[in-house]
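Two complexes follow with subunit A in common, the first pairing it with subunit B and the second with subunit C.
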Partner chain A sequence: MSVDTATSGAPVGVPAVEMHGISKRFGDVVAVDKVDLEIGDGEFFALLGPSGCGKTTTLRMIAGLDIPSEGRLAIFGEEVASWPPDRRPVNTVFQAYALFSHMTVAQNIAFGLQMRGIRGAEADRQVAEATALVRLEGMEQRRPSQLSGGQQQRVALARALVNHPKVLLLDEPLGALDLKLRQEMQTELKALQREVGITFIFVTHDQEEALAMSDRVGVMSEGRLLQVGTPTQVYEHPANRFVADFIGRTNLLEGVVEGRTALRLDAGAVVAVETDLAAGTPAALSVRPEQVRLHGRGEAPQGAPCLDGVIGDATYLGHAFVYTVSMGAPGDGATTITVRAETGSAALAVGEPVSVSWSPATTTVVAD
Partner chain B sequence: MSNLSTAGTKRSARRLLKANAWFVFAFLYVPIVVLVIFSFNDSERVNVWQGLSPRWYGEALGNTQIISALRVSLIVAISSTIVSTVLGTAVALALDRYRFKGRRALDGTVYLPIVIPDITMAVMLLVFFAEAFKLIDTFGPRLTLGVTTVALSHIAFNISFVAVVVRARLDQFDRTLEEAARDLYATPWRTFRRVTLPLIAPGIAAGALLALALSLDDVVISAFTAGPGATTLPVYVFSTIRQGVTPELNAISTLMLAASITLVVASLALQRPRSTTP
Partner chain C sequence: MPSRRRAKPEAAQQTAARPGEPASATPNELDAQRRARRTGTLIATPGALYLLIFFMVPLGLITVYSFATRTSTGRTSLSGWNLDSYERIADDVILGIIARSAWLAFITTVLCLIVAYPFAYYLATRPPRLRARLLVLVMIPFWTNGLVRVFAIRFLLGSNGPASALSEAMGFGTFRILFTPTAVVLGMVYGFLTFMVLPLYVALERMDWRLVEAARDLYASGAKAFWKVTVPLTRSGIVAGCVLVFVPSFGSYVVPEILGGAKTLLIGSYVARQFQAARNWPLGAALSVLVIVAMLVAVAVNQRNSANAERTGANSP
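Take a look at the complex of A and B:
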């Protein structure tokens, strides 16, 4: 798909990474399928998708660890598609860190400098600087096996950042950490990126992580890049059914497009929408649970799209209620809609007749 | 009641297994202990005990035939170990990481020398050398069996052992580490030297020690492929033993035993995964 750079927030100037029609095939398997992507200088960019979607292969092609089957790949304007990894101005933080177990922390960090011929006092100074950057002072003489998971991760970061790469690639860098540490590292990575000002490209399958950390997100599925945009854009205006479903929770109300402003839902009603899809296209309306308003039956405000139903299930979360509202006949075939309501309003009982409504601006019509 | 009888059965089964373990242990080690004890026998005759003495060790080390056989053994062992370690490691690396024509065939046959009987291997090598010499002789030089042919033969079987041991190490090797090195500006060669080689070095060393031990121990192949004047120590022991066991042989055997146990233990120690805790 094409990316509208005017609305997707892509920065101007020479892009840090530029991909045109990049594909990668392994035998008959197409891992990455004609990806076009521009990542700006200094951006924190997340490649998001389920496992096997091609995000890691895309990252590896930027690193030079996989060579594209076709397409053009430039780093800061320089064509690098056929360059070996040791010639590229990028460094990688690997998923399981890939620290050299036969070297100390300091030797690990100094490795890239040594390979580029930087030795002696200058190398020592830069290693000390990188060690301080990731707050690993005092650990220099330890072996990776003597460090905790979080510390190993810092070593991997320092080992990459000490080289002042033009682009830092991170392959699921937080995947091996436990939840609490992962949240701490999210904040820390973000702060680190601001401090060093380097373009970070970050691969993850965790959509919350992607939304929380990045300036822009690229959503991938089955080798294709489906949507690129700011976290708000991909969350509020998903480009298709997959993105709507993958990013956050949503209600997908199935229907058929009737025109530029109307969608006939399978549940019966015709609701107001804004869409560019042709009339007759099967599509779904994506309505986020927190955008749905609950009313007593028939009390919904005039003008807003509205559906009638009964409370099918209620879950108390402390700060909110989550209700499932069933429309039409109860049973397997019934359309349901999940509603998230702030606590404070009175709890509704299962079986109570209600109406749900939403503002058309908060919804998106998505097709396959 | 039934609980008690199961407990009883369990107990007697355990006792039986214990007894069996001791029996196997004795079966394996009593001859060795006897050999070691008798190597310190002061007597001229092996079967008459006359008290402890290191006398036969002195005699053995003073015997010029033994010393010259030991020299041949060491030359063959060291040279064949060096060559087979390099070649065996290269084979293991090639099989581990490259897909090439004939890879499967090589994968299947590289281990053959481990399983085919020594005597077959010995006859095979002898025939090979004889034919090869005939061919080379037509071009002028006259080649004969000697230290070189013994060393070549040892290389032929040691490559397999080194390859097996190194490959086991490579199986545990994380290729991402090589990618990390490449990503950190290391050329393929420097990646190999700085990352791959140090990490598989224990496997290579274990393979080399095993090769050294096997070469020092070999009788059959050495006897077939050595010409006159290239007698290795085990071959010397084998040929003198036909005139009767002497206390001197007990002493040499004990020394060889000590050497090979040291090498094999060192080899096993190196193959053990290194503990990760400090």
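Take a look at the complex of A and C:
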């Protein structure tokens, strides 16, 4: 698997964060396993993966809250791997915010300034500026417990941004918000990042959030960084089976590579593909449900890869139908493919014989 | 990553409806509530009776006696109520005893805090299993007979004891500490340390350590994070521990009797003397009432402190 950074808006100049062979072990558990990563100045970068994949530990190592077991870590060219958090030019928006419950909003925001010896009128001015930036005017004298989740999140943002960090780290910042607020905050965070021009590194398990907000995404699983690329790259050209399955929904059609241009599917057909995998390697073809076309049995256009099956299940979503098409004998072992069809066409009944086809350009061959 | 999830801070916003007390209840609900209340009363009765007979009644008697008169033969006359005993408290000797008791209790409290905080901090930051074992170790002296412990200290500090022997061996001469205020303070610190450790431990154990991480992330050094975040967040534990140590130290009887000798007369011993040798029950009762009032004030301070902590989201034991 080649991790594609050359063509993906990868960092130019001194990277904001640079990791080489970074690992973190807690006892026998390897939380982060030899991660290499460069994040550019001004990038909005998402670390994406399921819980326990090591993304938060990676973030905490950048913050200095965990010290890497091995590897090099530089922030704007400066080796910081063993520095304590208070010496690093980064600030964190913590999961669940970690606001100081014994202080007011204004005192929370002023904390970092105070610790750096900025006091009096200058501190007041900067606190007012940060408060305005996150639109919390009028809340200065409240306690965190008197604020809503969304407001607390803004306090956490202001408390970090008031220090003008070189890199802002965000650990699942939207995780505690309800869906509607989360969507609002996605747009707002993106706008905020453009406004302040600071590198944002953002940890999330929500792939939609990662795709919607970030310039580039790093997908992690079991401590390893599997793929780094723009949202389009990781969605359209997943580096392996895990990424294909984790980002969006996909059909993984199992098969065996038959050479550089062909994949023999277990479901029967041999499809034309482009792959670097050696012949004989077990691999899967990732076909996105929205890229699959449904036809009456035998009516598929010539030339395109095509499979025959019957409708196994149909779900109506309002704006679309989702069909599950079963290939071959029903029962265990049968390959199924999920198809997403726009509403408008007549609904297909369960058991109806159909053919499915797709354009080869929209598919990717993935191995483990 | 070892992280305890913080409770969502929604609790503070719930002010109106309390559980079990809906704004408007249907007859069915009222009926159920009435039955629940009856059961509650029944369960509480034995405890309430016990407290009434063995706590409230003697307390009432003490209060009554504090307004009575001591006859010339040392008997207590219940006729002719007066404030004489309270007026006698203003006597310089008694005020001196009160001041000395308060001063030694204060020093004891401060020393307990200084010794207990790092220890509680250590306890609370251990892995849970080790924590449980260490807590048992803390409790062992607490379960041991208090008198035995005080006599052990008396032996330890005595002029024939090991401390003195060590001091002589090192060329500092005989160790003369027994029967001084220092010995009393040492004994009280030892005796009441558990009362300081436990609330501090609870406060530290409940603390959201991610706030300390947040402070470190916001340029606070380890020491600054401790003073600006850890200490304020465990304030309720500190106050509770101080009240729990100061109150029994102030009224302490056994420790000063055994370690203090005659030169450090404290209020506990003085009160006991009024009821025994001096046969001045009204004065003893008046002093007791004073100590109880002081204690109630301290408890009220503690209560308010916990209530405040709840309001501001700090941890309270």
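By our rule, the second predicted complex is superposed on the first by the 365 of 368 C-alpha atoms of A that agree within 3 Å, B and C clash if a C-alpha of one lies under 4 Å from a C-alpha of the other, contacts with A are read in each partner's own complex, and residues count from 1 in each chain.
Basically, a residue touches a chain if its C-beta (ideal position, glycine included) is under 8 Å from a C-beta of that chain, and two chains touch if they have at least 3 such contacts.
In this text the structure is predicted, and so the values were computed from the model without any measurement.
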Superposed partners subunit B and subunit C on subunit A - clash or fit: clash
Touched subunit A residues, subunit B compared with subunit C: C
Touching partner for A:H102 - first (subunit B), second (subunit C), both, neither: both
Subunit B versus subunit C as contact partner of A:A63, first or second or both or neither: both
Touching partner for A:G112 - first (subunit B), second (subunit C), both, neither: both
Partner chain in contact with A:W83 - subunit B first, subunit C second, else both or neither: neither
Contact residues common to both interfaces of subunit A (with subunit B and with subunit C): 63-65, 84-86, 90-92, 94, 96, 98-102, 111-112, 115-116, 143, 145-146, 159-160, 163
Residues of subunit A touching subunit B in the complex: 63-65, 84-86, 90-92, 94, 96, 98-102, 111-112, 115-116, 143, 145-146, 159-160, 163
In the complex, subunit B residues that touch subunit A: 174, 176-177, 179-187, 190, 194-195, 198-199, 276-278
Contact set on subunit C toward subunit A in their complex: 1, 5-6, 8-9, 11-13, 208, 210-211, 213-222, 224, 228-229, 232-233, 235, 311-314
Subunit C-facing residues of subunit A, complex: 26, 31, 56-57, 60, 63-65, 84-86, 90-92, 94, 96, 98-102, 111-112, 115-116, 143-147, 149, 152, 159-160, 163, 176
